[in-house]
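The letters A, B and C name the chains in turn, as written, and every chain counts its residues from 1.
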Amino acid sequence: MKEWEIVIGIETHVQLATRAKIFSASPTAFGAGPNLQANAIDIALPGVLPVLNKTAVEFAIRFGLATGSDIAPCSIFARKNYFYPDLPKGYQISQYESPVVVGGELAIQVGKETRIVRLTRAHLEEDAGKSLHEAAGHSPRGKSGIDLNRAGTPLLEIVSEPDMRSSAEAVAYARALHALVRWIGICDGNMQEGSFRCDANVSVRPLGQRDFGTRREIKNLNSFRFLQQAIDYEVCWQIATLEDGGEIEQATVLFDADSGETRAMRSKEDAHDYRYFPDPDLLPLVIDRAWVDRIRAELPELPAAKRQRLVSDYGLSDYDAVVLTSSQEMAAYFESAVAVAGKSNAKICANWLMGELSARLNREGREIDATPLSASQLGGLVARIADGTISTPVARQVFDALCEDSGVSADEIISRRGLRQISDSDALEEIIDAVLTANRTMVDEFRAGKEKAFNALVGQAMKASKGRANPHQVNELLRRKLS
Amino acid sequence: MIASNLQQLAEALIRKTISSVELTQLYLDRIARHDHQLNAYITVDAAASLAQARWADQRLAKGEGGPLTGIPIAHKDIFCAAGWRTTCGSRMLDNFVSPYDATVIRRFAEAGAVLLGKTNMDEFAMGSSNETSFFGPVRNPWDVSCVPGGSSGGSAAAVAARLAPAATGTDTGGSIRQPAALCNLTGLKPTYGIVSRWGMIAFASSLDQAGMLAPSAADCARLLNVMAGFDERDSTSLDRPTEDYCREIDARQADKPLAGLKIGLPKQFFGAGSDPQVMRLIEAAIVDYQTLGAEIVDTSLPNMDLSVAAYYVIAPAEASSNLARFDGVRYGYRTPVYRDLNEMYSRSRAEGFGAEVKRRLLIGTYVLSHGYYDAYYLQAQRIRRLIANDFAEAFRHCDLLLGPTSPSTAFKLGAKAADPVQMYLSDIYTIAVNLAGLPGVSIPCGFADGLPVGLQLIGNYFSEARLLNAAHRYQQSNPWHLRLPPAFAE
Amino acid sequence: MSLTLEQVRRVAHLARIEISDVEASSTLGQLNEIFTLIEKMQAVDTQGIEPMAHAQEMVQRLRDDRPETTDPGQRREAFQALAPETGDGLYLVPKVIE
C-alpha cells in the first residue's frame, strides 16, 4: 500500500475590529436585528458609492508588520462579480492582482516543535450578508431570508502557502494566527460570531511525488475542532477515492458538523468566472513609508519576541512561555503580577496563573480579562509565599479570599485572619509538646520503627496550628524531640 | 419669461416681478400643454415642485436668495431624488421611489432651486437617440419626427422647447453634448471628478460625469457653480479650491475678447465622416472665432479613431458590473413567475431591461470573462491611455480644441434603431473626451435644413471657466442659441 | 473573431439574462457586428503602455472609522418599502441551495 502525503493551505477570513464598515459608515456591532445595520451603500441602492475606511487599512498594515510581510506601496481594489442574494451589488469588492500585504510568515507550535508557515498574501475585502434558510426557522417555506447587517464588514483574507502536512499542523497554524490577530488588536477572534473563519485547501499525493494532487476547498470552518475534523474526514475520503482508482475533481465543499462529513456544494458551481476588474469607484490605495513607520512604532511587542524574553529574562520553560503569550491579556497579567511579586518569583507567578487561576477561570467560564483577582493581588500573594510568610495550603485560602474581594490585598487578609506562618520556635515547641503528649501511641509506633507514624505526627502538628506552622520547622523539631 | 436667461430670471425673482410659485406654475403649465408632443418628462409632481417654490419664495422674501433660488430646474431621471420616482428610463426601476438625494439634487435644493420634474432618457443612459427608454422615445422640438439625441434627450427636448429653463444631464460618451447639438442648446460635460457622482445611477463609473443643458454658456456657468464641488461620499470626487465658473464670462468685454487664445483643429474631426452641411457651419464658426481674436492652429489626435472601439469595451464592462445590483431582491422589478432563484434573476433581468441595455451587458460580460480580459479590457484601457496622451500632447500647444459635436443633425426616429453600430458611431466625436476625462461643451452654431448643428469645444482639465467663456464670447456675436423651435415658441 | 451561439448563451447565463433561442441567434448577429468594430483595437501595438483605469491620476481617499447614527428601524422600513418581498425584516428570495 502507498504512503500518502497530505498538503494543506489555509485561507482565513478575519473580520477586522473596526467600528464602521469598510466602505460605508454602518456600525459593525454583532447581533442587531435583521437589516438594521444596512445602510444605502450596504444594500446597494442605485447611485451609491464606496469610500475606504482608514482603520481597516491600518489593521492590514499592522498584520503585515507582525508577520514580516511587505506592505504594498500601491494596491488595487477589484470587483469579483457573481450573483448571490447575500451579495447586494452583484460583486464583492476585494483585492485581486495587487493585494495590500505580500509574503511574510507565521511560526506555529506543533507539540514541542516550532515550524514556519509561509504566507502568500493578505488582502482587504468586504464581507457578504447572510442567507437564512427555512430550515433555520427564520424564513417561510421555500424561501430564504437575506440579512445584510454583515454585508460590508471589513475582512482581511490571509492566504497561506500549502505548507502544512497534517490536520494538527493546520490547527496549530489557525491557532497561532488567531492568537496573533487578537494580539495586535485587529480582530476580536470570536469564532462563534464568525469573526475568524477558515477555508482549508486539502490535497493528497503519494509520498515523494513532486506535483501537488488536485485540491478541494473546505469552506467556512469556524472552530478549530471543525477544522481538524473536516480535514481528517476529507483526507480519508481523498485517499480512499484514489486507492479505489477514482480521481479527485477540484471542488468547493462544505463541512457538515452533525455528520462530520464533507460534501460538494451545488450552487455557485457554474459561476466561477468572476470577471475581476479594477473597481472604477475606488482609486489606487497608496500607503507611504511614514504611515507604515508610525504604525510600526505603535505596534505592541509581538508574541514571538515576548516568548523569547520570558524564557531568557525569567527563566521560564518554552511551554510556560507559549501558554503565557496565548493572548496579550494573559501576558500583560503575568508581567503585572511579576512586577509586584519580584522578578525572582516569576516561576511561582507562572505556576499560580497557569494552575490555580486558570482552573478557576475555566470553571467559571471566564477569560483572563474578566478575572476575579487582579494581577497585583496575585503578585502580592506570590510575594508572601516566596518569603515564607504563608505556607502553600494557607496560600490557597488567601487566594480564595482574594477572589471574593477585589479591594483587598494578600497582606491584609493574612493579618486580618492571623494566617502568618508560625516560625517562632518557642510557640512551635509548645504545639509539638502538646501533640506528643496527646498521641503517645504514635510516638511508640515511631520508636518501634514505623516511619509512617512520623508523618502522622507532622500532620497533627500542622492541624493543631491551623496550617500556620512552618512545615519545615515542624519536621526538624519533631526529629529532635523524638531522637 | 421663457426667453429669459438664468441671470434675468434670478433678477426678476429678487425684484419680485415674479414669484417662484408663479414661475414654477408657468413651466408646469407649459409641460402640461406641450409635453404630450415630446415625451420629455417621465415624472412631474406639481405639488412637490410648488412646495419647493413656496419655500424658495420665503427665502427670497427674507433676502436670502442666491443665483438659483426659486428657479425651476429639470433633472435627468438618473439622479436619485428623495421622495421622487427615479427610473433611469427603465422598467427595472419603474416603481423605484428614491429614499435619498443625489449630491447634485441636494446642492440644487440647498441653492433654493425648484425640482421641476424628472426627464426622460435612454435606459440607464445607454443610447444616442433616446429611443431606448422604457417610457417611450423623446421627440425633437425642432422636428417631432426626429430624435433629440441621447441619452439626456428628455433634458434636451425639455429645455429646447422651454419646458424648463435648464436641465441636468449626464455624459458618459457624449450624452449631454450630442443632444445639446441636436436641440440647439449649450451642453457642458465637465472635467471628470468635479461634480459628485453620489446618487447618480452608474452606467460606466470611470466615464460618467454630470453636467447640464441650457440655452447659453452663461447659464451653464451659473449651474456649474452650484453643481461642482468636493463630495466626501464619492472617492473619485476631486478636492480642489472652489472656483467661480462665471468669472471670465463676467469680465469686461474687450474688442477682441479671445485674443491670445489658441484653438486647435484636430484633423480627425475634419475627415470625410461628417455631413457636409454640418462641416460648412463648423468652418464658418472657425472664421467667427478668428474674428473674436482667437488663433487657429492645426493639430492631431492620432488615436481618436480608436475611441469608439475602446469605449464599447470599457463602458459595457463597467456597466455589466454596475447593473448587477438590479436583481429583483431589494428593490426594482421582479418577474411574477419563477421556479427558483436563478430563474427569478434571469427573468427579472430579461424582462426588466430593454434590448440595448441587455446587448451592452452581454458585451461587457463577455469582454471581462475568462480568457478575453487581456485582449479586450486591458487593450481598451491601454488605448484609453494613448488617447489621453494624444490630448495631453495637443494641449501643449493649444488652449482649446474645436470640431463638430455630432457628424450629422438629428435623424428620424427609428432610422438607426435596428443598427447598433451606426448608432454607436454617432458619438464618434464625443467619446474620446470621456475616455480622457476632459471637459467638453457643445454650442449651437447654425441650422442645416432647419435642424440645429452643434460645435464642440474641448478644454484641458479644469478649464471650464475658459471653455465656457470661449463659448459665451461666440454666443455674444452669434446668438443661434436664442432661436426657439417655432412650434414651442408660444 | 466571431462569437458562437454557445458563447452567447454562456455569457447570458453569467449575466443572468434569460434568452430564448430566437433571441440568442439575433443577438449573435448584432454582437458580431459590434465586435467587428471593437476588433479595430487589436491592430494597435500597445506594448509597454500602462492601462488607464481612471480618468484622473488620483489616489484613494480614506474615511475616518466613525459609525453613523441613524434611526435604524425607520430606515429599514423605508428601504424595505421598496422591496418586492420581505418578512420579519429580511429580504425574501426563493430558497438558496448550497
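As a convention for this text, contacts are C-beta pairs under 8 Å (C-beta built on N, C-alpha and C of every residue); 3 or more make two chains touch, one makes a residue touch a chain.
All values reported here derive from a predicted model rather than from experimental measurement.
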Exercise for the section: By the contact definition above, name the pair with the higher C-beta contact count: A-B or B-C. Expected result: B-C
Problem - Farthest chain relative to chain C (centres taken as mean CA coordinates) - result: A
Exercise for the section: For chain A and chain C, let me know how many angstrom lie between their CA-based centres, rounded off. Expected result: 40
Problem - Centre distance in Å when chain A and chain B are each reduced to the mean of their C-alpha atoms - result: 57
Handout entry: Inter-chain centre distance, chain B versus chain C - centres from mean C-alpha coordinates, in Å
Key = 23
Problem - Residues of chain C whose C-beta touches two or more other chains - result: 13-14, 16, 53-54, 58, 60-61, 63, 79, 85, 91, 93-97
Problem - chain B: positions in contact with at least two other chains - result: 96, 99, 206, 232, 235-236, 320, 324, 327, 329-331, 341, 345, 365, 369
Problem - Two or more partner chains touched - positions in chain A - result: 40, 43, 45, 51-52, 83, 85, 146, 273, 275, 280, 282-283
Exercise for the section: Can you check the complex and tell me which residues of chain B touch chain C? Expected result: 96-97, 99, 192-193, 206-207, 232, 235-236, 238-239, 303, 305-306, 308-310, 312-313, 320, 324, 327-332, 334, 338-347, 349-350, 353, 358-359, 361-366, 369, 375-376, 378-386, 388, 420-421, 424, 434-437, 461
Problem - Complex contacts: residues of chain C adjacent to chain B - result: 3, 7-8, 11-19, 27, 30-31, 33-34, 36-42, 44, 46, 49-56, 58, 60-61, 63, 78-79, 82-85, 91, 93-97
Practice task
Could you pull out which chain B residues touch chain A in their complex?
Solution key: 79-80, 86, 88, 93, 96, 98-100, 102, 197-202, 204-206, 232-236, 317-318, 320-321, 323-327, 329-331, 341, 345, 365, 368-370, 373, 377
Handout entry: Of chain A, residues touching chain C in the complex
Key = 18-20, 25-28, 32-40, 43, 45, 51-57, 77, 83-85, 131-134, 138-140, 142-148, 254, 265-267, 270-271, 273, 275, 278, 280, 282-286
Practice task
Would you pull the chain A residues touching chain B in the complex into a rising list?
Solution key: 40, 43-52, 79, 81, 83, 85, 88-91, 146, 273, 275-277, 280-283
